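Next, two complexes with chain A in common: one pairs it with chain B, the other with chain C.
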Partner chain A sequence: MIEILSALGPTSIQDLGRFDQYRFGVGTSGAMDDVALRAGNILLANDENAAGIEIPVTPFKLRFCRDMAFALTGAEVEAEIEGRAIPPWWRSHARAGDILSLKAMPRGARSYLTVCGGIDVPVVLGSRSTQFRGEFGGLHGRPLQPGDILPCASASCSIGELGVEPPDIMLARPNAAADEITVRVVIAGEYDAFDGATQELFWGGSWKITPQSNRYGYRLQGPAVKPISPIEKRSHGIVPGVIQIPPNGQPIIQMRDAQTSGGYPKIATVIRADMWRVAQARLGGRLRFEQTAYADALAAEAEMSAYLDRLRSDARLLEELRTCR
Partner chain B sequence: MPIDISHIERLAKILETSGIASIEIEQQGHSLKLVMETGEPSLPSPVLVGSINACQATRVVARADVAGHFLAGHPWRATPFVEPGQRIEAGAIVGLVKVGLLYAPVLSPATGIVDAITAESGAMVGYGAPIASIRPVTESR
Partner chain C sequence: MTSLDRPRISLLGTTAMLFEAPGTFDLPHQRRIWALAVTASKWPGIREAIPGITNLMLTFETLPREVDSLIAALNDGWDEAQEFAIGGREIELSVTYGGDIGSSLQAVADHCGLSVDDVVSIHAAPLYTVFALGSHPGYCYLGGMDPRITMPRRQTPLQRAGGGSVSIGGSQTGVSASPGPTGWHAIGHTRWTFFDPSWPTPAALAPGDTIRFAIDRVIR
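What follows is the complex of A and B.
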């Protein structure tokens, strides 16, 4: 078990998401940075869909109630357990009573704590992910609070310390500036409803991530991008990654807790392989959009799969090597 | 433990996936050297075990427990894990050995003062290679 000692902001339990209920209007939820959640689970030899804790704000503190292996992945955090510093993307081991403290987050926007066996909250509609909108899943369908006790599945894990190379090294992409992240998008249904000059505004803009950005969506600020004539569509199905243009011309990227439908015109969609980059973009930081062909979007996804595949096989080989010694 | 044929097979697989050119293991009474055909001239393989730098009585040596590239600091961070003259606790991280996408920590065998980091950041190190020497301190309680 784990006891939450301090949590600011919407800290939540997430697995990879709830994928079979979309047709009933139930969104996917799930880890915003699914690459980080998977990597943590791979380090612990867990099922990759095992639930972890998504931590968007520091300071954060918890107590382990028994001996347990855990991993921290995602955003860079200054983390410490009983005086020991935990490097980024790292598996370590806690003894009963140890307090893990995340003090600051100098890079990225979400840290993931995974534990050996996973956080064992009930599966609701096929997933342990917290659904904020519907208030179910996770722990009572709400953000974690001090005093919460989280059950952990018991499992035997490797307990040696071990790190993983963060994906932004192997999957590095050129960014225009230090606080700006370029994400690849494919154009969406209503792209042609914007004239050429307006489309150029969209591609050329350095879009500021406003404080009204969260698990539901990122609201961006920049030059007004408005269609040739106002578009009023009936609500239709949308997915995380869709970039909508509301009447004020300021784009909204739908994220993991987005509604399953909406009526605003869609100018583009962030490719799945870059959603983790958006998830790690910080409030106040900037995004730039790069147009990508569908085939290149698939190639980018294959590259991400290759990173995870290599991680799985390297982890297996290293444990084997250590066992045969 | 004698080197078993299945270990050789595993080691070869590890060399192949991690892109390491060669590995040399010495144990009492026998030694093993595996060299991968990479098409490029292979680098001299790292020399292992306690054959060099026989540790002086006043020093303990932190060693790599896996072969790979030594990293004195985490790639996300500007500063190395430890610097000479710094105090280090037993079990604390001295550096990393990068094997494929994994970072295996090199741990300090004792609490003491870091004397020197003997491995060069970015260099290939072998199993058992000395990474840092530490002057143990005995605490009076």
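What follows is the complex of A and C.
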């Protein structure tokens, strides 16, 4: 078990998501940075869909109630246990009673704590992810609070330390400037409803991530991008990554807790392989969009799969090496 | 045949595809969407086929290597789709129009050049059909609203609107199942449970069900 001692922002329990309930109006939820969650679970030899804790704000503190292997992945954090620094993207070990403290998050926007066996909250509609709007999943369908006790599945884990290379190194892409992240997008249904000059504004813009950005969506600020004439679409399904343009011309990227449908015109959609980059972009930071063909988006997926495969095989090899000795 | 007569098919990034039927927002078109949803949900690699308002979203279980064959299958599927008349159940929902939750009632009346009473009686007159579920858990998009009370969606979406709010967005109406952000205009509210994850089917209503709004009272 784990006891939450302090949590400031909307800290929540998430697995990879709830993907097959759209027909009931239920969105995916799930880890905003699914690559980080997978990597944490790979480090612990968990099922990659095991639930972890998504931590968007520091300081954050919890107590381990028994001996346990764990990993911190995602954002770069300054973390320690009993005065010992805990590096991110690394498997560590806690003893019963140890307090883990995340003091600061110098880079990135979300840290993931995974534990050996996973956070063992009930599976609701196929997932352990917190569904905030529906108030189910996770722990009582709400953000975590001090005093919350989280059950952990009992599993035997190796206790040796082990680290992996984070994707921002292994899958690095040229970014135009520090604090600006370029993400690849495929154009969407209403792209042609914007004239050429407006399309250029969208591609050329360095889009500021406003404080109204969260797990529902990233509201961006920049030049007004407006269609040639106002568009009222009939409501239709949308998925995380879709970039809507409301009438004020300021794009909104749909994120994991987004509504499952909408009617604002869509200019483009962030490809799945780059959604983790958006998830780790900070409030006040900037995004730039790069047009990508579907075939290139598939290549980006393949690159992501290769990275995860490498983590899996490295983790497995290291375990085998240890057992040989 | 002009392009207006053909469906519009577009990618939603790498995880989904959107099919938009040509023609009007009406029950016959929606019934063909329901038929296409049944067909498309069985195609390999498709996770779910989710009806919207005269449109259909396909989510991918596995990313298609190329999308042309899927586009062709959707076009053919639409041409073959017959009207699927789902015989749903009919429910009556008691609505309080206006008040704190339905605070846009006057604005809708002003926009449409009608009195508040006109808006209420026009809104409560039809038997609405649940066209689709979406937006948030248990939310139903309804077909059958009188176009006289059409009001464009908000310029900037609201961060939070109350649960149970009855609202208008463009030429559509619906009832929110829980509190949350919206781009629509609330004109009233109802108390009813639309969704419970512990039910065998978590949503109370399904496409093809019908709703009648009963005027409980009007707060001016």
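The rule we apply is simple: the second predicted complex is superposed on the first by the 325 of 325 C-alpha atoms of A that agree within 3 Å, B and C clash if a C-alpha of one lies under 4 Å from a C-alpha of the other, contacts with A are read in each partner's own complex, and residues count from 1 in each chain.
The definition used in the following text is that contacts are C-beta pairs under 8 Å (C-beta built on N, C-alpha and C of every residue); 3 or more make two chains touch, one makes a residue touch a chain.
What you see is a predicted model; the values in this text were computed from it and never measured.
Q: After the chain A overlay, clash or fit between chain B and chain C?
A: fit
Q: If you tally the residues of chain A touched by each partner, is the higher count for chain B or for chain C?
A: C
Q: According to the stated criteria, A:165 is in contact with first (chain B), second (chain C), both, or neither; which is it?
A: First partner only, chain B.
Q: Return first, second, both or neither, reflecting whether A:315 touches chain B, chain C, both chains, or no partner chain.
A: first
Q: On the A-aligned overlay, A:87 touches which partner chain: chain B = first, chain C = second, or both, or neither?
A: After superposing on A, A:87 lies in contact with chain B but is clear of chain C.
Q: Examine A:100 and indicate which partner it touches, taking first as chain B and second as chain C; both and neither are also allowed.
A: neither
Q: Anyone got the angle at chain A's C-alpha centre between chain B and chain C, nearest 10 degrees?
A: Spelled out: centre of chain A as vertex, angle of 160 degrees.
Q: Just chain B (first), just chain C (second), both, or neither: which does A:76 touch?
A: In the superposition, A:76 contacts chain B only.
Q: Could you say whether A:307 touches chain B, chain C, both of them, or neither, answering first, second, both or neither?
A: first
Q: Looking at chain B versus chain C in the superposed three-chain picture, what is their shortest Cα distance in Å?
A: 26
Q: Indicate the residue numbers of chain A shared between its chain B interface and its chain C interface, in ascending order.
A: Shared contact residues on chain A (touching chain B in one complex, chain C in the other): none at all.
Q: Where on chain A does chain B make contact in their complex?
A: It comes out as residues 76, 83-85, 87-89, 107, 161-166, 169-170, 307, 310-311, 313-315, 317-318, 320-322, 324-325.
Q: Per the contact definition, I'd like the list of chain A residues that touch chain C in the complex.
A: Result: residues 19-27, 124-125, 131, 133-137, 185-189, 212, 216, 230, 232, 234-242, 246-248, 252, 259-264, 266, 269-273, 294-295, 297-298, 301 of chain A touch chain C.
Q: For the complex, give me every residue of chain B touching chain A.
A: Going through chain B, the ones touching chain A are 1, 4, 6-7, 10-11, 13-14, 17-18, 65-66, 74-77, 89, 91-93, 96, 98-105, 107.
Q: Spell out the residues on chain C that touch chain A in their complex, using ranges where they run on.
A: Contact set of chain C toward chain A: 8, 10-16, 18, 20, 25, 47-48, 50-57, 59, 63, 65-67, 132-139, 141, 152-157, 159, 169-172, 177-178, 180-181, 183, 195, 197, 201-203.
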